[in-house]
Each structure stands twice: as structure tokens, then as C-alpha cells.
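What follows is a set of notes on a single structure, which appears directly below.
Order as written gives the chain letters A, B and C; numbering starts at 1 within each chain.
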């Protein structure tokens, strides 16, 4: 689990800032590394009050594995959607489905909704006020219940393990 | 030899990217209702640009001026923002009660 | 090979932009038009990246990054206006 300290109140934000700065200047020289390090420490320190609560990540490694699998699924999703678009649109069976959420953590729900939007034929459209139901639009679906079960097992279960 | 392979890969990435971006826009043009149209741009176009950016990274990194990864930033940013804007657009469409194709199953009220 | 792939990709992107433009004009609803504009800025980023390879220069990277950011902020601002009738509450 990633812990925050007084020196680094937001370790993840610091890491992101460090990497993004190096990418922006597009060099790995000692000077830009040093500046990136300074920014990674100072920016979270001064913007500390702006971030209401930190997401707790219990298993950082698993989050990376999740990211890699997501990248692969995005590739597959795109081939799938491309085929659906090129086929005759009259044969598509669109549907709205409601998925009850087991996740409670806001960051985890955000990640799940983004994942749903980026993967096969589904876009997250809305979330109920009590954050218990996610409304999903599907481009082409045969059995909505099977799809919900698939999303729960593939994405929600790992996210629950990582964040809760 | 290795130059030919890299050149081939760059060309491949560019073509795959352009093809996906085109298919996404085609979906936007030919699908029948708003919610279905939402699927093309959010997925295919984002990945299409991602593919072209991979091609660009490969091209500029192998010219001898050292590694050039900053294009990845654009791609990363698009992958983070595409689901957010899709979600907000869907929300706006629900709010405005945009027309839905009749054969859509389920109802959109939360 | 790149010399052949770049013009083909240019043609595909131009067609994609034309399709988007058609959707902007056609509508029929406001969200459709916003979605089409959103897709247009993403496609124009792809066009800029291609142009960079075509001219063999990295100078267009900053422009692509700025379009990515401003485009997203623009889309969110318009949608927020549709949802609430106000952008900054």
C-alpha cells in the first residue's frame, strides 16, 4: 500500500508530475531531472489543501496489471466496434442497462465508468444520485445480464480489491 | 535492414491509426441515434490517434536525436479525457431527452 | 514506405473531417453537434501529428497538446452550459 507522509502528501501525484515534466521537456538530462524532482515535491506541498481526500491504493502492482489488461481490452474493443460500424447499422441491437455498483470509493467508481466507456460497445451514461447504479448504453447486445456479469467479474472485482 | 523494418512499422502504425480514426468518424456519420453515435468517436477515434502517435514516437526516436516520448503525453491525455467527455455528453443528451431509436431496449431513467 | 503511407493517412483523415463536418451541419440535436466538434478536434490532432512527420519536424507537438487540452475544456464547458444553463457556478 502507498502511504503518504508529511514530506510527500500525495506520492502518486508526485510521481505523475515527475513523469509528465520529463515528457514535456523531452529530455533525460540531470538538470531537467532535478527540476522535475523539485516540482514533484513542491507542487503537492503547496496544493495540499486543494485535494480533499486521498484515494487509498492497497495494491499498486495490481493497478498496473489492471492498466495493462485495459490496454489490451481497448485494442479488442476497437476491432469489435469497427466491425459493428462497418456492418449494416440496422442489425444492431442497442440497449440501456442498469448496473448496480458494489464499489463505494469515488476514485474506483470513476475508474470503472471510464473503463466501461473505453471497452467493447459500452458507454457509461449516467450515475444515480446515491452512487449505487450506473447507467450504461450498449451498442449491440444479446444478453444484458451476461454483459453485466462480465463487467463485474472483469473490471469491478479487481478494482474493489485494489481500492477497498 | 533495421531501417526498413522501422519504416515499415511507422507506416503500419500510421495507416492503422488513420483507418481507426476514419471508422470512428464513419460511425458518427452513419449510426441512427445519438447514443449509438457516441460509441464511434469515444473508442475508435481515440485509439486511432493513439496509433498515429505511436508511429510518430517510433519515427522521431529513430532519427538519431535520442528518444522522443513527449507525443505519448497527447495520447495519454486523450485516453483520460475521452470517457469523461463521452459521459458528460450522454448526460446532456439524457437531460435534453434526445430521440432514441425505437428498438433500444431498457429505459434511460436512473 | 512512409512517403506512401503519409498521403494515404492524410486522405483518410480529410475524409473523416468531412464526415464530422457533415454531422455538425446535419445535427439533428445539439449533443450531436457537440460530439461532432469534439471528434473534429481529436481528428485535427491526428492531422497535426501527420503533418509533423510529413515535414520531419517536432514543432507541431505543442500545438497538438494545446488543442487536446483546449478541446476537452471547450467540450466540457458547452455540455455544462447545456446541463445547468451556466458554466461557472
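Throughout what follows, contacts are C-beta pairs under 8 Å (C-beta built on N, C-alpha and C of every residue); 3 or more make two chains touch, one makes a residue touch a chain.
Keep in mind that this is a model prediction, so the values were computed, not measured.
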| item | value |
| --- | --- |
| Chain at the geometric heart of the assembly (C-alpha centres) | B |
| Centroid-based (C-alpha) most distant chain relative to subunit A | C |
| Distance between the centres, which are taken as Cα means, of subunit C and subunit B, whole angstrom | 10 |
| Chain centre separation (subunit A, subunit C; CA means) in Å | 23 |
| Gap in Å, rounded to a whole number, between the CA centres of subunit B and subunit A | 16 |
| Sequence positions of subunit B contacting 2 or more other chains | 24, 26, 38, 40, 46, 68, 70, 73, 82, 84, 91, 93 |
| Residue ranges of subunit A touching subunit B (in the complex, touch as defined) | 20, 23-24, 26-28, 74-75, 77-78, 81-82, 84-86, 89, 92-98, 113-118, 121, 123-129, 133, 135, 137, 139, 144 |
| Contacting residues of subunit B [partner subunit A, same complex] | 20, 23-24, 26-27, 30-33, 35-36, 38-40, 42-44, 46-47, 66-70, 72-73, 79-80, 82-84, 86-87, 90-91, 93-94, 101, 103-108, 110 |
| Partner subunit B, residues of subunit C touching it in the complex | 1-2, 4-6, 8-9, 12-13, 15-17, 19-20, 22-23, 28-32, 34-36, 38-39, 42-43, 45-46, 49-50, 52-53, 58, 61, 64-65, 68-69, 72, 75-76, 79-80, 82-83 |
| Subunit C-facing residues of subunit B, complex | 4, 7-8, 10-12, 14-15, 17-19, 21-22, 24-26, 28-29, 34, 37-38, 40-41, 45-46, 48-49, 52-53, 55-56, 59-60, 68, 70-71, 73-74, 77-78, 81-82, 84-85, 88-89, 91-93, 95-96, 98-99 |
